[in-house]
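Two complexes are shown next, each including chain A; its partner changes from chain B in the first to chain C in the second.
Let's look at the complex of A and B:
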């Protein structure tokens, strides 16, 4: 049974809606609950979760409360949700702090502020960012769904004022060792990063930390920055800033391949450097190293080479170690192989992209909602075909909804659905930790794995990688243990996990 | 690029607008930060902005 209620002309942020969903979901007799702003994407996701929304006339400023479960609890659940909307559960109840209603007000409270971290819904984000630039603040724009024309305009204004605009869709950055948005507890160190790839930045930072090397700054740009239309405006500024910074000894550049003209201007800038620059445009053309430039094919290689250079070691030895380790991973896969389809469910966009790149070299083309090649775009992101990998951080899944790093519940539901497909033999997923991320993402996914096992038994192999550090709020070793106890095979990097999963599915 | 250089030199002092958890994470790391209790502009002010645009006043 289901019950649907609609609150018209309202607005609630995604965190509030998630907290209320959790509370309603915990009521006895409630099987499924969804509280979402009625964007087209959310309505599709709710329909695919089995809610019947037919006959409802909905607009984007309407909130839909949908509950499934035993008949006798449904009305009570809806009433409780409405009560909680009037008095949202206490994120701030323990704090008597006053929070200003405007950026001007905040600047009066913190006159030395030098950065605005903006994560409001996409339709409001550009206006807020413009106001912050006018006040002389650098901007980190976490929000996605910001129009391209607004991004170009904001970056033009910032360039004139000598300010940084990181984003839109910039999920992570590190300034003087402090994480902004999603970031791990990296040690402070001599490497500087510029990244047009959020989880790419996280993965490089985590893999360097595993090798005992830290970060001082990591400037995020947002993925669109390196496209022709934006011209690499933030990326170029980031490179200039870190090249002139005496505390940065090694510079690493990370992202998907920029447009050719943007890549050309970035490499021209980097070539003039007196310090090593590690170039990791994942999926781009492989080139020979020529000091100061060191070219890498994947995120772990960027981390291995940057770490070696920071320690004064030979980067080619680091590459050789990586090669041997990957051969070992392929041998490990032989022992677990089972022919069938590989399905990947990712919270990190760059991790999904890198996994497609590495897995396709073993399995052939991989379909995705964010494919390497447009020819392999999924017709429907909610329906898998063949070998496929879905990025749940894409805009289509995050309108009026939390990023999957903050709430993996939809991804977890999908994992159970994928396990029911008799042609699937391996399911791969990431588990990204750090500041800003869900407090226990491994449990969300481990519960889904256990439910899936109840359906598919041992037919499907579950493979994952925990992108995180011991110092992260979730504690990497605890998260790993939760997944291992659920029978998930864990690898040491996103690249390894993709290679292992693909080799297992090849049979 | 002086404003950007100042950010890297001094470290972040942040005005957080939006997700409250990001503010809490900043404070947990010892970053000076404040939070803006953001509410989107009301439908009526959206409408006024559109009318102004139509009249060419923006």
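Let's look at the complex of A and C:
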């Protein structure tokens, strides 16, 4: 049974809606709940989750409250949701603390500040960033939906002033060991990182930390920076700054392959370095190492090689260890193999990209909403086809809703749907921890796995990787335990998980 | 109360034993003869223009939920209309008014209390307004004003945390009132939106 209510001409932010959904979802007898602003994308997602929205006339400023469950609880659930909208649960009261209301006001209190982190709606973000640059501040632009022309202009101004603009759509960075945005509890160490890839940066940081090596700075650039139109201006500035920094002993560069001219200028710059530079343009052309450049194919290799160099060890031995470990992973997969389709559900864009790259070398083309090759783009991101991986962090899933790293409930629902497809044999998903991420992402996914198992038994193998550290707020070992107890097979890196899952699905 | 930070507008904390208390009760207490740990009167001085962007931010509290009726009354009907306006033990209007009077006191300016009909609020809140007019306030606001006048930005940031979180909306009301005092009519115009 379902019950739908509409609150017209209203707006609630996505954190409030998530908190209310969670509280309603915990009511006895409630099976499924969705509170969404009625954007086209949200309505499609709700329909695909099985809510019947036919006959409703909805506009984008309407809020839809949808609940499924036992008949006797539905009215109570809707009333409770409306009540909570008036007084949202669990939000920190702003009166408990002081937040400056203007950049000038903040700077007056913190005159030594040299960086502004901007997270406002995309249409206002460029103006705020420009004002901050005028005040002599470096900028981390967390906001997305900033027009390309504005990005180019901001980076031109920043370049003239010798300032950095990290982003737009820069979700993570590390400055002197302190994480900004989504970041894990990396130790402080001798490696500097420039990344045009958010979860790529996190994965390299996590894998290095597991090898006992820390980060000093990690400069995020935003994915568009390395495209031809932007020209890699932040990436190049980041490389220059970190090469000049005497505390950086090893520099690592991470991202999807830049446009050829941008890649050329980055590599020219890096070639002049007296310190080692590890290049990890995932999916790019594999080249032979030539000091100072060390070329890597995936994120874990970047971490392994960077860590070896930071410790004064032979990077080729690190690569050999990685190769042996992956052979072992393939052997492990033989024991669990089951022929069928592989479905991947990701919260991290770079993790999804890397997983497609590695899995396609075993299974052939992988379809996706963010494919390696446009030819394999899904016609409908909500309907899987063949071997398929979906990035839930893409804009289509985050408009008016939290990023899946903060709330995986839609991804979890999709997992249950995918498991019911008789042609699916393996489901792969990531679990990204760190500051800013959901406080217990493993439990969201583990509950879905248990539900799926209740329907499908052991036909489907669930594979995951926890991208996180023991010092993260969610505590990596606790998150791993939750997934293991739900019967999920856990691997040690995103690359391993993708290889294992693909090899299992190959049969 | 066991710390200077918990002191109120009618509190005085001095070093000494029972003898001091006895002198105090007899009314022949001389402040200059004892060490004063805390006294609630705000210092007087010039608010530094270099920190104007800090207090101008406080004007924007009038955009927050719960402040609209107070901001409207201030703009449309003046200070007297704030007396007793709003819910709470100390109505928000009285908090804003107290902050304003305190701000004037910091600037060394005198306000004619006769222009206010304080009978419209209850005794506790009325006393708070009267105390503020004498420059007496809760400890966090005294700390904030000292930090402001001495341009001690680190302390100012610390005290702002305490003041903004004071009561439900009282602290922000005080800060808004002080900003109006520092800004003059420009501050009132800002509240017009």
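The working rule: the second predicted complex is superposed on the first by the 438 of 507 C-alpha atoms of A that agree within 3 Å, B and C clash if a C-alpha of one lies under 4 Å from a C-alpha of the other, contacts with A are read in each partner's own complex, and residues count from 1 in each chain.
Operating definition for what follows: a residue touches a chain if its C-beta (ideal position, glycine included) is under 8 Å from a C-beta of that chain, and two chains touch if they have at least 3 such contacts.
Please read these numbers as outputs of a predicted model, since none were measured by experiment.
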| item | value |
| --- | --- |
| When chain B and chain C are modelled together on chain A, clash or fit | fit |
| First, second, both or neither for A:105, with chain B first and chain C second | both |
| Chain A-centred angle between chain C and chain B, computed on Cα centres after superposition, in steps of 10 ° | 30 |
| Greater residue coverage of chain A in the superposed arrangement, chain B or chain C | B |
| First, second, both or neither for A:175, with chain B first and chain C second | first |
| Partner chain in contact with A:132 - chain B first, chain C second, else both or neither | first |
| Overlay on shared chain A, then closest C-alpha pair between chain B and chain C (Å) | 9 |
| Residues of chain A contacting chain B in one complex and chain C in the other | 97, 100-102, 105, 107, 109-110 |
| Chain A residues touching chain C - in the complex, by the definition given at the top | 94-98, 100-102, 104-105, 107-111 |
| Chain A residues touching chain B - in the complex, by the definition given at the top | 9, 11, 13-15, 61, 91-92, 97, 99-103, 105-107, 109-110, 112-121, 123-124, 128, 132, 136-138, 142-143, 161-164, 175-181, 217, 237, 240-241, 245, 406, 435-436, 473 |
| Residues of chain C defined as touching chain A within the complex | 50-54, 56-58, 60, 64, 153, 156-157, 160-161, 163-165, 168-169, 171-172 |
| Residues on chain B engaged by chain A in the complex (per definition of touch) | 1-8, 10-22, 25-26, 28-41, 43 |
